[in-house]
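Labels for the chains are A, B, C, D, E, F, G and H, by order of writing; each one numbers its residues from 1.
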């Protein structure tokens, strides 16, 4: 129904097993998204062009996953005023604390919204994107409330 | 022009010097907001009631600041599906790393969007809220682009 | 003999392998307990209701285990004045330091008593609960002293 | 009314400005307490003797504050089965993370209930002691509920 | 004698008190340098253009200082194959560990050479730039050896 | 030849795989040692008695290994003025940083000499004990120099 | 074509699996290099002699890998004014944060250029060495640009 | 009475305010010592020569203080088999955790005995040196016991 509202970007194919958690959620909410591999450092030009074109193409929210000195979310944020959600990925010996600090400690002026490290963060990035989209889409808002109820039931049934 | 679109919540009056950075930005963008002191732990009932009523009252985005074992953003997120932006505050001997991890490491299902520790984070929380609001408000979107230009000029002029 | 004196709560079924260390100790001391899965974020209402009813139901001590941005112990503490013992669980890439800080760094006014990360903490949470109960139960106090002797013998025999 | 129910121990006089936060709370609740300076390392014999005599003397709960490689709470716990509440003190260049880990990471068998680093922790240690005492003292339980209401009002009035 | 061999870049004027340590060293070695304020996030276009033009303009080495989620050195490295030396600046509550990890933990393919946090790092960045330049400039190589001797004498004379 | 000059203590049998690295070195240097399992927390009385008797029994140096809130080395140091060498053991989810800080951050007055975390630390503890013993034993001093030569040769031969 | 321009040093054979990532890159760029095992602590004399002779032998850049309290890069830097690139190796329970801080936090006067922890750092150390050599070698400069293009294509093709 | 038994070394004059705590203790115990400023990095040759001559000159124990990437203790240990006690100094923005890890995490083979960060560590380094010297000097051993008694009295009198 919706189409191409969210962009999921990551710096390398190896981030896919983490970032696909975001895709699963968006699918569940029937929000169409695209997946893009682009690197802040290896393909800065493509990253810039991709980021600059997003708004015009109708993308509303960006989910950017990266590990180590994770600059991708910040690099995207530099080129667009769309909301950027960052997912720090645990891909270095430091277990993601490097990616977390590189993502969340953005200096004043250019925000990145950081989620938790790893799969929980990727999943929550998508739910947060849905929360943003739900602000102007009643049907998505309803689905979000249903999803909450579903989670609630799962907890209650676990007892 | 806009009215009561954003709620800035914090657990105690002592968080105000940090959180007023968010207010300054919202004022600049002429986005009306309310400031609420409510504690996840000392006034859980009021926090729950306040959170549950937000959507109906027309609030679109919540900015929640807290220090130490910073639960306020997560507690708000538990009671509403509005987007919650968390600001970790540097108010314990651990310099905010406790507040950051308590804010950002939310388990899968209930997202909080974490900003940087302290004033930079409070400022960016407001800009991020503006980015969300700009998705469905062309005038705000334009202001956001102007703000970027203004920042750009400030950097260029510093040379 | 005792009945329902302790409540062991956790946010998800996946915390059970850690938290059952607490159950084993309580069984050993013949202190009856209940196990409850309830989430600070996914089922805040049930958590609140459960916490508020504890005292009337005769529960004396709560042991709450959670990982990542571990809010469950603090959320329980917000709704009851019973002693809450928190067990940080190592379930994120940060190896439990996030859960520890989210549990122990409670701001002044609403205490949570934090134990060590993981199974050692779950075990000690139960022993600490026993120490509290032993204050008004001579038999349990005696068992506690026997348990100490037993541990002592185990160390001495290891030589 | 109550008398000598709580012992506040600390390793050195320099810890007093932090630990007196605990005393203030106990005074407020009219729970009599004693203050003892004793060191796990410099006066191990006195610490052992003091700890071993506590139960017989009617002390119910111990609050132990220490900084750096903070062993005092654990040392007390080794000599008595009374509940020991540890307060990590921020007195080294590492800002109390050393004291926190030395206090909270107790191995299985001998628990210490850790509070937050510094004054917030000292205050909460006393409230937690009150919560324990309130389990068998209706009047204290009532005061505890009044205290919660008082905190609640303070938050509400701050708005 | 030399001219415009080194570029010292930083994201904001507030980084100047740290970065001028680099300038002092280059002056001492009579290596001409330029100072540029450019931001990876607020002026990404100018940063890209500036970086891409460096090689042609004869710049040999870049020293880039930034704090918090310090992306400037990495952003420069993305646009040029000149050696980039990063200086993490202690400008957030986390005391520079965020800037250090954001600078040094670059993923494979695009290196940044990280120096120590703060003034010591800025000074060493310049000395390291001199070491690089000295590889193809005998006079600079000689000055470098004299500088070492001078440091040596300073230590010996301190006794 | 030498006999019972070194005591290797540890809090539990599970520390043996780490601590036996110390034994191997002492055997190599033909320095007789004893191994003792004693716990600062579970057998404080035995630990105290054992520590107090060491000097009279001719023990010169103590190597104490412990994990988590590692108090054993400090507890030994409290009861004797013999040199105590601490080995932090990696036995909690925090990978030994808790044991390291609990061992090394001893407050002024009662020193513990900390080695590295884990097997490297256990090995070095024994070499350090040998260095101490070599001060008054020419033969051991000679063996120490031979051991250095042997290590040197191993490095050179690796090329 | 080039010959012996780079020296790759490491403290022990066990560092080879990490450091060979540097060798692979140098081979790819047809830059001849030597591999040397030498220890800052076990063979200080050989390390000093080796370092002092490097310049005369025509070596231009040194890549030094070490783990734990990683002193090798700094030790090399003490004996030569050639540029030293340090690679922190993840070989202790602390996951390389010890090696990183020991490598990067060099005091003012003697710089070491630190790369990321582990294989990514070893690879980048070699690329950084190539960037230095490319300053005075047009052919290498061209290969460097080709290598960037190759990386770019790999990212683009991953989509 | 004793003469030149201990060497206190440090990398720069600025470390003196910390390291003089060691001197005060040695004076108290009437153990003669020398103070030497020598740098692992700026004067490696002098450091090596100084270290190699120590044993012959009758020095028994070395106390080495350094900050940041603190290599001095390890560098001394590389050149002599005398016991080296390291004092990490809090002189960088990282508050001494860099110096601690650079000092304590020595790889197997060459031990350094690390004390706490800063003045407490400098004081304890001297007490530990006294403990070593006391092994073969009955008078010093007696003074050490008196010192313990003195500390004990100070604690008892504080009550």
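Just so it is clear, a contact is a pair of C-beta atoms (placed from the backbone, for glycine too) under 8 Å apart; a residue touches a chain by one contact, two chains touch by 3 or more.
Quantities reported herein were computed from a predicted structural model and do not represent experimental measurements.
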Those chains which touch chain F and also touch chain A: C, G
Computed distance of Cα centres, chain H from chain F, in Å: 19
Chain centre separation (chain A, chain E; CA means) in Å: 33
Where chain B touches two or more other chains, by residue: 11-12, 42, 68-69, 92, 94-95, 97, 104-107, 109-110, 112, 116-117, 120, 148, 151
Full enumeration of touching chain pairs: A-B, A-C, A-E, A-G, B-C, B-D, B-E, C-D, C-F, D-F, D-H, E-G, E-H, F-G, F-H, G-H
Complex contacts: residues of chain E adjacent to chain B: 11-13, 36-39, 42-43, 46, 68-69, 92-95
Touch list for chain E against partner chain G, complex: 21, 60, 81-83, 85, 100, 104-117, 119-120, 123-125, 127-128, 131-132, 134-136, 141, 144-145, 148, 151
Residues of chain H defined as touching chain G within the complex: 11-12, 40-42, 44, 48, 67-69, 71, 74-75, 77-79, 92, 94, 97-98, 101-107, 109-110, 112
Residue ranges of chain C in contact with chain F within the complex: 90, 95-97, 116-118, 120, 148, 151-152, 154-156, 158-159
